[in-house]
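There are structures below to look over.
Shared between the two complexes below is chain A, which has chain B as its partner in the first and chain C in the second.
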Partner chain A sequence: MKGIKKSQLSNFLQQVSAKYSLYVPAQVDGVTRFQKYSSEREPFLTANTQLSPKELFFPQTEQLYCYETHKQEVKVEELAASSEPQVLFGVRPCDMQAIGVLDDVFLGKGYEDVYYRAKRANTLIIALACSQAEATCFCDSMGVDPAFAPQADLMMYETEDGYLIEALSDQGKDFLQEFSSALEELRSEKPQAPACELKAETDGLVEKLQKMFEHSVWAELSRKCINCGTCTYLCPTCHCFDIESKTRGGKEVKFRCWDSCMYKEYTLMAGGHNPRPTKKERVRQRFLHKLQYMPERYGKWGCVGCGRCIDKCPVNLDITKVIRELREVEA
Partner chain B sequence: MNQITQEMRNLAKQLLEEEKVQLVMGWEKGSFWYNSTPVFVSKVEDVDKLIWDEFCAANLATYLLDDRFSDEKIALFVKGCDSRAVNRLVQDKQVKRENLYLIGIPCPGMKSAKAAKELGQETKEELPLEDKCIYCTHHNPLVYDILLGEEVALDDIAATAEVSRFEGVEEIEAMTPDERYAYWQDHYSRCIRCYACRNVCPACNCTECCFDLGQTWLERDVTPTGNQVYGIIRAFHVAGRCIECGECERVCPMDIPIMKLNRKIAKDIEELYGPYEAGLDTETPPPLGHYKTEDPDEFM
Partner chain C sequence: MNPLVPIIGKISKIVDETPDTKTFHVTTSNGKPFTPLPGQLAMVSLPAVGEAMFSISSQGDDHLEFSIKKVGMLTEALHDAEVGQEIGVRGPYGNGFPLDFCKGKDMLFIGGGIGLAPLRSLINYCVANREDFGNLQVIYGARSPADLCFKEELFETWPKVRDMRVDVTVDKGDENWQGNVGFVPAFLEQLNPSPEGKVTVTCGPPIMIKFVLQSLAKMNYQPDNIITTLEMRMKCGVGKCGRCNIGSCYICLDGPVFTLTQLNQLPNEY
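== the complex of A and B ==
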């Protein structure tokens, strides 16, 4: 199979970055996330990134448009940048599955989000198979193969001497063609898929949860949650946003920014009523959204098992434990 | 199982059986060997969940804010920092002392869960302390109804200035304004505004927070400048009331050195108003919360 020798990786990345906006996982200022490639920036490929690649399609803050008014006239100016062709290198299978979830939300069911589409449609994704699962990874319980990402354009496998690479989509094939001079025949075999130690048993879960909206277990499960936004902001599939505006000079700028169902304000209505007044309702929403509403609406889990929330939740409210408890209690 | 864990369970059982309290807050073992996480026990059959080990860093007092005006009787375990948090909440009139049964546990210092995860279980014996515990000046609880275990001598060691309460502050003070700006800009540009630092904080106990009122005080767009404004406003809002528990920094998913800001302010307060540590009791008024004729007034 064709591939890139480890010693040739930076050469390859440089060639790609000469033609496309290239993003690679990298550690910058103490945090790992997808960053624009530059030759000084060593890609971080030993584990998944702390921040998910969703921010490339759905940034935490995105200016949409601005307007000025003069008497009866309104001048509107679009701000959301149309995106240049970009390449994402080294997306893990769980995150690729999550991008599929975001595609369903932002592009599916007859409504297209133009801001998301502008970036997504211009992006080619090179996924990287995992050869090792972290202690917090449980993707193989959530319908993800840690060694294969079918929705990616290209699939890469790390071996001793380099990275095997194969095209999965037509764009992926063209890309391989384009950079064929940077590839060479590698003799190594595709590595085995790792097995995640952490497990979540999900069969029958959706049907069970359908009967559990009013269950007393939610009050128990949510007790330790401090309703920060950490889990939802780090989650590669969470996609809630708020639209707000601010005035700068005579201009009003509309922007959208991530929002979180963990916040009290999220459901606070004009007049003061809040249909999710306590953390019980908020935590229930988070888990039902991922484990019931998403599968009902899109036929796939809203959790891809990346483990970020387990790793970073300040109180260790672990979704795999939640699933276990939900299975154990009587519906 | 250690002695303290056993005593915790016995006491929790007794308190619940005798209906002295309706709820016991403590810690249980989390998903991995390096996490211990808050647990809420209201049934006798659940007392065996309670544990005491080297990862019980989480401050339980903040949970009292969940139902701050309830008349439920609650027992909670308090380390030094937790006991100061309780004092904070009582002094700020958020909870009533008489509704609490405080079970003090002298704390030897908690081990760093982050380091544990990186270094692996083989290193369990040599793990470094949580940062918040390195600079802790009050390991023994300051207020309690009953004490489990023996008081530790660490507070005397801390009092001899071997523990620098203001660790890292000189480094900030030595910077030029531009360097300082760049320093905070670098750190706060990665803030994701998750508000974990605020939500875990016992001094952040306002029923309505200025960051929750939409655009009035700080817009919601996440920008390096906005994030710094967030950090500074929060630091000022807790100035003089911050009990230096370090929970904000411990829970920050982006590893922002929030305590450097809090310590700088605590140091300034000492320099301006004399020795003061918040949360040591519920009587001494916080220096910024009252007025004395001898307060410095060189700006007048």
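== the complex of A and C ==
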């Protein structure tokens, strides 16, 4: 199988970055996330990134349009939702699955989000199979194969001597063609998929949850949550946003920014009514959204088992433990 | 077509309905911004203040109407606006009322306060397409005579429509009030319209809806033939921003109109 020798990796990335806007996992200021490639920046490939790649399609803040108001007049100027051709290198299978979830949300159900589409349609994704599961990984419980990402354009496997690479989509094939001179025949074999030690038992979960909306377990499960929102910002599938205005360089700009169902204001209505007034309703919303509503609406889990929320929740609210408790209590 | 960017329209007329509710007519240089179905929603914005979702309470050949109660920053700014003010509108959003289901049937509308606004779009549709519907009846209540919305239609226009009756009640009368005094649910039971061949559409304060539904059940109305509209906080209007869900339903796309049968299947979180 064709591949890239480890010693040739930076050479390959440099060739790609000469033609495309290339993003690689890297550590910057103590945080691992997808960064624009530069030759001084060593790609971080030993584990998944702390921040998910969703910010490349759905940035934390994004301008929507400009407007001007003068006395009774209002003028709106649309901002072109464009993007340069970009390549994402080293996306893990769980995060690729999460991008598939975002595709369903932003491109499906009758309306296309033009800002998301502009970036998504212009991006080629090279996924990297995991050869080792972290203690917080449970993707294989959520229908993800840690060694394969079927929705990626290309699939890469780390071996002893390098990275095997195969094309999964037509764009992926063209890309391999384009950079064929940087590839060589490697002798190694595809490695075995790692097994996650952390598990979540999900059989029959949706059906059970459909009967548990009013269950007393939600009060118990939400007790320690401080509604900080960390879990939702880190989650690769969370897509909620707010729309707000700001003044930038004398211009008024409408922008959207990540929002979180963990906050009271999220559902607070102008008259003061709030359908999710306490953390019990908000925590229930988060877990039911991922484990019941998403499967009902899009036919897939809203959790891909990446483990980020487990790793970073300040009070240790672990979604796999939540799933376990939900299974154990009587519906 | 970018669903998040508003069209700019102009307020062409403002009607004072009650001390805290005004109806705004919005038009553009090309006529109405779009042609909604009765019961659909639109995002209305004063870009410098904010944007919020409102039901479109009626439409004319060249304009849309929004009946807006003062409850927060945006609605206060709208109430301060004058004719000629340009505003943003985008939409239409949501499912609207099930017209095909309603056609050929008698229609009973039960509204309270500003809750008559979404019903009005359908009432005026029924009036404009009179031959498509059976008898029409509106039962409407507000806190006081001054709080009644759409007085001209209630007391002048609608009662003159063929086979249409309008019954109005107030919680508390004043020296000039000659009509019924009492809450909507009690008034409904007193009028006791037969459920036979009827579709009932109700909208109002949550507490009124709760008791109206109880009264309708007592009077033998079936959940399949009872329709209501829901309200949630909204930002995008197109099922992306996440906040308007009730269970796996997004009110901006799958609602705001539901039959009672559908509502009973949703989690109780609205």
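Simple rule for what comes next: the second predicted complex is superposed on the first by the 318 of 331 C-alpha atoms of A that agree within 3 Å, B and C clash if a C-alpha of one lies under 4 Å from a C-alpha of the other, contacts with A are read in each partner's own complex, and residues count from 1 in each chain.
Here, contacts are C-beta pairs under 8 Å (C-beta built on N, C-alpha and C of every residue); 3 or more make two chains touch, one makes a residue touch a chain.
Everything numeric in this text was worked out from a predicted model, so none of it was measured.
Colleague: Taking chain A as the common reference, can chain B and chain C both be placed on it without clashing, or not? Answer clash or fit.
Modeller: Fit.
Colleague: Which angle, to the nearest 10 degrees, do you get at the Cα centre of chain A between the Cα centres of chain B and chain C?
Modeller: Taking chain A as the apex, chain B and chain C sit 90 degrees apart.
Colleague: Tell me the contact category for A:72 with respect to chain B and chain C: first, second, both or neither.
Modeller: second
Colleague: Could you say whether A:195 touches chain B, chain C, both of them, or neither, answering first, second, both or neither?
Modeller: neither
Colleague: Taking the superposition as given, does A:121 touch the first partner, chain B, the second, chain C, both, or neither?
Modeller: neither
Colleague: I'd like to know which partner A:269 touches here: chain B for first, chain C for second, both or neither.
Modeller: A:269: touches chain C, not chain B.
Colleague: Pick one for A:60: touches chain B only (first), chain C only (second), both, or neither.
Modeller: In the superposition, A:60 contacts chain B only.
Colleague: Who does A:296 touch here: chain B (first), chain C (second), both, or neither?
Modeller: Touch partner of A:296: chain C, not chain B.
Colleague: Check whether A:331 is in contact with chain B, with chain C, with both or with neither, and answer first, second, both or neither.
Modeller: In the superposition, A:331 contacts neither chain B nor chain C.
Colleague: Touching A:242, do we find chain B (first), chain C (second), both, or neither?
Modeller: Both partners, chain B and chain C.
Colleague: On the combined arrangement from the superposition, state the nearest Cα-Cα distance between chain B and chain C in Å.
Modeller: 10
Colleague: On chain A, what residues does chain B touch that chain C touches as well?
Modeller: 242
Colleague: So in the complex, which bits of chain C are touching chain A?
Modeller: Contacts found on chain C: 2-6, 8, 46-48, 50-52, 71-72, 74-75, 82, 84-88, 206, 231-233, 235-236, 238-243, 245-248, 253, 267-270.
Colleague: Quick one: which bits of chain A touch chain C in the complex? Just the residue numbers, please.
Modeller: Residues 64-65, 67, 69, 72-76, 78, 81, 105-106, 109-111, 113-114, 213-214, 239-243, 245, 252, 254, 256, 259, 261, 266-271, 273, 275-276, 281, 285, 288-289, 292-294, 296-297 of chain A touch chain C in their complex.
Colleague: Enumerate the contact residues on chain B facing chain A in the complex.
Modeller: 30-32, 35, 37-40, 58, 62-63, 66, 117, 186-187, 189-190, 192-196, 199-200, 212, 214-215, 219-223, 250-251, 253-255
Colleague: In the complex formed with chain B, which residues of chain A make contact?
Modeller: Chain A reaches chain B through residues 29-31, 50-51, 60-61, 63, 135, 198, 220, 223-224, 226-230, 233-234, 242, 244, 246, 255, 257-258, 260, 263-265, 279, 310-312, 314-318, 320-321.
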